[in-house]
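Labels for the chains are A, B, C, D, E and F, by order of writing; each one numbers its residues from 1.
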Amino acid sequence: MSDQKNRLRRGLMIGRFQPIHNGHLALAKQILSDCDELIVVVGSAQFNFIEKDPFTAGERMGMIHNALSRAGIDLRHCYIVPVPNDENNARWLAYIKSMVPRFHVVYSGNEYVRHLILDQDAKIEVQEPKFVDQAKYNGTNIRQLINEGKPWAHLVPEAVAEFIDQIKGVDRIQMLRRSDSMPHKW
Amino acid sequence: MSDQKNRLRRGLMIGRFQPIHNGHLALAKQILSDCDELIVVVGSAQFNFIEKDPFTAGERMGMIHNALSRAGIDLRHCYIVPVPNDENNARWLAYIKSMVPRFHVVYSGNEYVRHLILDQDAKIEVQEPKFVDQAKYNGTNIRQLINEGKPWAHLVPEAVAEFIDQIKGVDRIQMLRRSDSMPHKW
Amino acid sequence: MSDQKNRLRRGLMIGRFQPIHNGHLALAKQILSDCDELIVVVGSAQFNFIEKDPFTAGERMGMIHNALSRAGIDLRHCYIVPVPNDENNARWLAYIKSMVPRFHVVYSGNEYVRHLILDQDAKIEVQEPKFVDQAKYNGTNIRQLINEGKPWAHLVPEAVAEFIDQIKGVDRIQMLRRSDSMPHKW
Amino acid sequence: MSDQKNRLRRGLMIGRFQPIHNGHLALAKQILSDCDELIVVVGSAQFNFIEKDPFTAGERMGMIHNALSRAGIDLRHCYIVPVPNDENNARWLAYIKSMVPRFHVVYSGNEYVRHLILDQDAKIEVQEPKFVDQAKYNGTNIRQLINEGKPWAHLVPEAVAEFIDQIKGVDRIQMLRRSDSMPHKW
Amino acid sequence: MSDQKNRLRRGLMIGRFQPIHNGHLALAKQILSDCDELIVVVGSAQFNFIEKDPFTAGERMGMIHNALSRAGIDLRHCYIVPVPNDENNARWLAYIKSMVPRFHVVYSGNEYVRHLILDQDAKIEVQEPKFVDQAKYNGTNIRQLINEGKPWAHLVPEAVAEFIDQIKGVDRIQMLRRSDSMPHKW
Amino acid sequence: MSDQKNRLRRGLMIGRFQPIHNGHLALAKQILSDCDELIVVVGSAQFNFIEKDPFTAGERMGMIHNALSRAGIDLRHCYIVPVPNDENNARWLAYIKSMVPRFHVVYSGNEYVRHLILDQDAKIEVQEPKFVDQAKYNGTNIRQLINEGKPWAHLVPEAVAEFIDQIKGVDRIQMLRRSDSMPHKW
């Protein structure tokens, strides 16, 4: 039994998830079609209530949990883990390893993430995510649409749009935008 | 749907889980019999490979995940969240709130935790855990038994004993004890 | 006596006070006309000798102390408190509460501050400051005028202009501006 | 006017003030009989709700403010400043200097404080406090008496005993003691 | 012998050395022609693998060591010291003093560095570096040339160009540039 | 040339060096007889002026530099690097790697260090130091002898005894001991 456990292959994805969108969800599904278990690292966990990071780590966990669950993904095979930043990038991989269960492959289309991983531990695989339209499905774009009062809910899982609605997330994002453009916050 | 979501009652338990033991597991079951969802806060997440905190946050998440799963608990109703310490106790509750999904009740028999919560937010309930034999089921005692080479596996869920076995946790705990009693670590 | 003490109403204002100006002073007077005691939180206390934050927390305390005193405000009813930043905004209010005496109302025209407070503790009141010309009376504008060698002393209390003169603050601000526009500081 | 200001002599005392006691108050009076102004540095400002540091920085400020005021000390000549710790002692004096208004003399009977100051800035004077019974008038002793339910109020200014009573400080101190002696806090 | 040791005059230079260039090397030679010993402070030691700070502190130490050695400088008279940043500038000099051997003179053409030193310790001398073409010999310019695929190796000591070549530094700098201009790093 | 450089084998030793003693020096010689270059990591670099860590990182660098130099060791093959602590042990090796030039083998008789290294990077070798009398040659013992006024200078290199004498290190150590045994430092 425990031997079998050891042979589980875990894939990891990392993001700030401000908020989780359909691109993220597609990647989660891809990982679970290739691996036994999925680890979702919620980065910049210490930040919230700023324009770039409007949601708390806890809110982001909640949205991810709901999105995965509603998509029919079995949460017994998932780990959702908030991780505060580490300013020393050269120890980033070792830090991530200490904060999440053991993993074997990182899914990232980002050259930077790939570089850090290869530089720090050659045994961790890096896999390319399948195509998603990154110009559309990225948090910066979605927060921008929210700020401008344009349609955005089709870019995120339904459970996430509901969650944002419940916590009055649209108001929050628009308030943070207005506030950051003031000459002095206090 | 979202209204219904909002009415979910979540219970939170907090520990260092070095390692998770049967007392913890009993409390998790108690919470899920009273609440819709369970949040497990893994405290002191930044510490590992010291005598008091031998396991990494990621290892502890893994053990908790396996223990809950093997006990037949539905992980769709659970959040397991590593949280680094905050040295300013007076903002502790606000910090925890930022790091986990919204919760309504904290289960703790600890007078200190109860005090901090009541002092900081009167709307959070505090519930007493049902009886567990704390002298037996506590991490300090279990690590002590491991150090002395005495039986300990009956005090933790089977999945946890297997996990510790797989990662050679007994060797690690004994090594850390020897090392901390040396006149100088380096 | 102590019962009476308990009924004291305290109003809080927060700023970086780089430097304190007539708009701040007007707000301090407004607060003391509404409340029994005034708390002045000096934010970003750890920063100094940078363009945005030229003065140390101690210098800013000194300027505020002198400005209040010279304005005839009774310092027995005032607390001036330097507070370093907290990067986790969701625990900001709890942090402020731990660093200053108990308060009942925060005076801020800033939507962001109001939002954080209402989100974190519904029992704290937020009051709107009476009109001051924010375009004129703000630290960024005053430091800009100093940098350009234009008149600025009429925007701050006389005691502050004297203080800045004594510590050669104009030279410091102009030096920091020149230095920050260099291609590399060192 | 500003020249005169510059010639003000300020004396500084430092403590954790858990709580402020009659020895502290006697020293404050001594300083104000020698100097024009008094600076009270409230050290370990980030700690609270632990056995050694039961009160928040804000509560300690409040107690000191009340004690000085009730003793007839003119608060226009006083600065009360909470300062978080700095783990690098060799920059301690420079750190303190950045957090408080300029000062000329430190009052401390502590050889360690004297050593750090002389090592770091020969221009700062160090003065010996006049006799106070340190075995009696020290925070450790007072918290110990509180823990044991013995008389302690005669060791602190009346305003402080009232303050501690209002915030239920005796209960807090006794709770923290019980809690720290438990095998595991959570 | 120890008396003689005490009379050693040490000169200090500070930089981020991303990478060390011929301007730095010329300054090192100038210092060693005026002083007995040289201290090279490698600032921002905690940063690496970002566009502005591509190399680790260890890599920078290695480049500096090799550059000095190949230039015929006697390393028995040199200290190369990585130092993480301190956000409180007012204690900067005291911090630097705690991290390096005692020094007597700082070589810097930077008005800001000169200002901080004079403000914090009048006994430390500040010396002007002899002319070097700063527009050409500065790290920002060199990283820019590398990014654009233009010639840059003539601006750094030969040992440094070799070192960067060995660690594939050109690829790293270009990758970091591409990565930082993406809409979202992860 | 650069190929040759790449083939350099570097050995690393780590300590707090409070102060460097003859056991350390013997190990440095052992490393340089096995490897091309030596890296000396000065741990706990942020601590000083406490009983356990009386000397600053800069003073420790100076002592090590002098001890190696006076022992006839060629400093062109040595790196002495102060490194502040990292509380997360699981990323300790990655952190050290980022702070020092590339190394191949760590010399340590400490089971804990060996464990951390093997756990984190199997490519780093760990070598056992040759015999030194650890009961005699360790910093705790030497500081204890200094505190008791007993002979200690024979346990450290002559250059170190001189250095400690020059900076009045004996007085400092004895003062710190007296100070730490007081009921309250301030």
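Just so we're on the same page, a residue touches a chain if its C-beta (ideal position, glycine included) is under 8 Å from a C-beta of that chain, and two chains touch if they have at least 3 such contacts.
Everything numeric in this text was worked out from a predicted model, so none of it was measured.
Asks: Would you pick out the chains that touch chain C and also touch chain F?
Replies: For chain C paired with chain F, the chains in contact with each are A, B, D, E, in label order.
Asks: Hop across touching chains from chain A and tell me the fewest hops that reach chain D.
Replies: Minimum step count, chain A to chain D: 2.
Asks: Over half of the interface residue numbers used by both chain E and chain F, so same, or under half, so different?
Replies: same
Asks: So, comparing C-alpha centroids, which chain is the farthest one from chain E?
Replies: B
Asks: Determine, using the mean of C-alpha atoms as each chain's centre, which chain is farthest from chain D.
Replies: When every chain centre is compared against chain D, the largest gap points to A.
Asks: Looking at C-D and A-F, which pair shares more C-beta contacts?
Replies: Most C-beta pairs in contact, of the two: C-D.
Asks: Just how far, in Å, is the C-alpha centre of chain E from the one of chain B?
Replies: 46
Asks: For chain B and chain C, what's the span in angstrom between their mean Cα positions?
Replies: Each chain reduced to its C-alpha mean, chain B and chain C end up 42 Å apart.
Asks: Could you state the distance in Å from the CA-based centre of chain D to that of chain F?
Replies: The mean C-alpha positions of chain D and chain F differ by 37 Å.
Asks: Roughly how far is chain A from chain B, centre to centre by C-alpha average, rounded to an integer in Å?
Replies: 24
Asks: Specify, in ascending order, the residues of chain E that touch 2 or more different other chains.
Replies: Chain E, residues with two or more chain partners: 48, 56, 88, 90, 97-98.
Asks: Taking chains as nodes and touches as edges, what kind of graph is this: line, ring, star, complete or other?
Replies: Shape = other; not a path, cycle, star or full graph.
Asks: Pairs of chains that touch, anyone?
Replies: Chain-chain contacts present: A-B, A-C, A-E, A-F, B-C, B-D, B-F, C-D, C-E, D-E, D-F, E-F.
Asks: Going by the contact rule at the top, pick out the chain D residues touching chain B in the complex.
Replies: Against chain B, chain D makes touches at 46-50, 56, 172, 175-176, 178-179, 182-186.
Asks: Quick one: in the complex, what on chain F touches chain B?
Replies: Interface residues on chain F, with respect to chain B: 14-16, 43, 87-90, 92, 108, 110-113, 115-116, 119, 134-135, 138-141.
Asks: What residues of chain F sit close enough to touch chain A in their complex?
Replies: Residues 86, 88, 90-91, 93-95, 97-98, 120-121.
Asks: Which of the residues in chain F come into contact with chain E in the complex?
Replies: Those in contact with chain E are residues 1-2, 5-6, 45, 48, 56-59, 61-62, 65-66, 69, 75-76, 78-84, 97-102, 162-163, 165-166.
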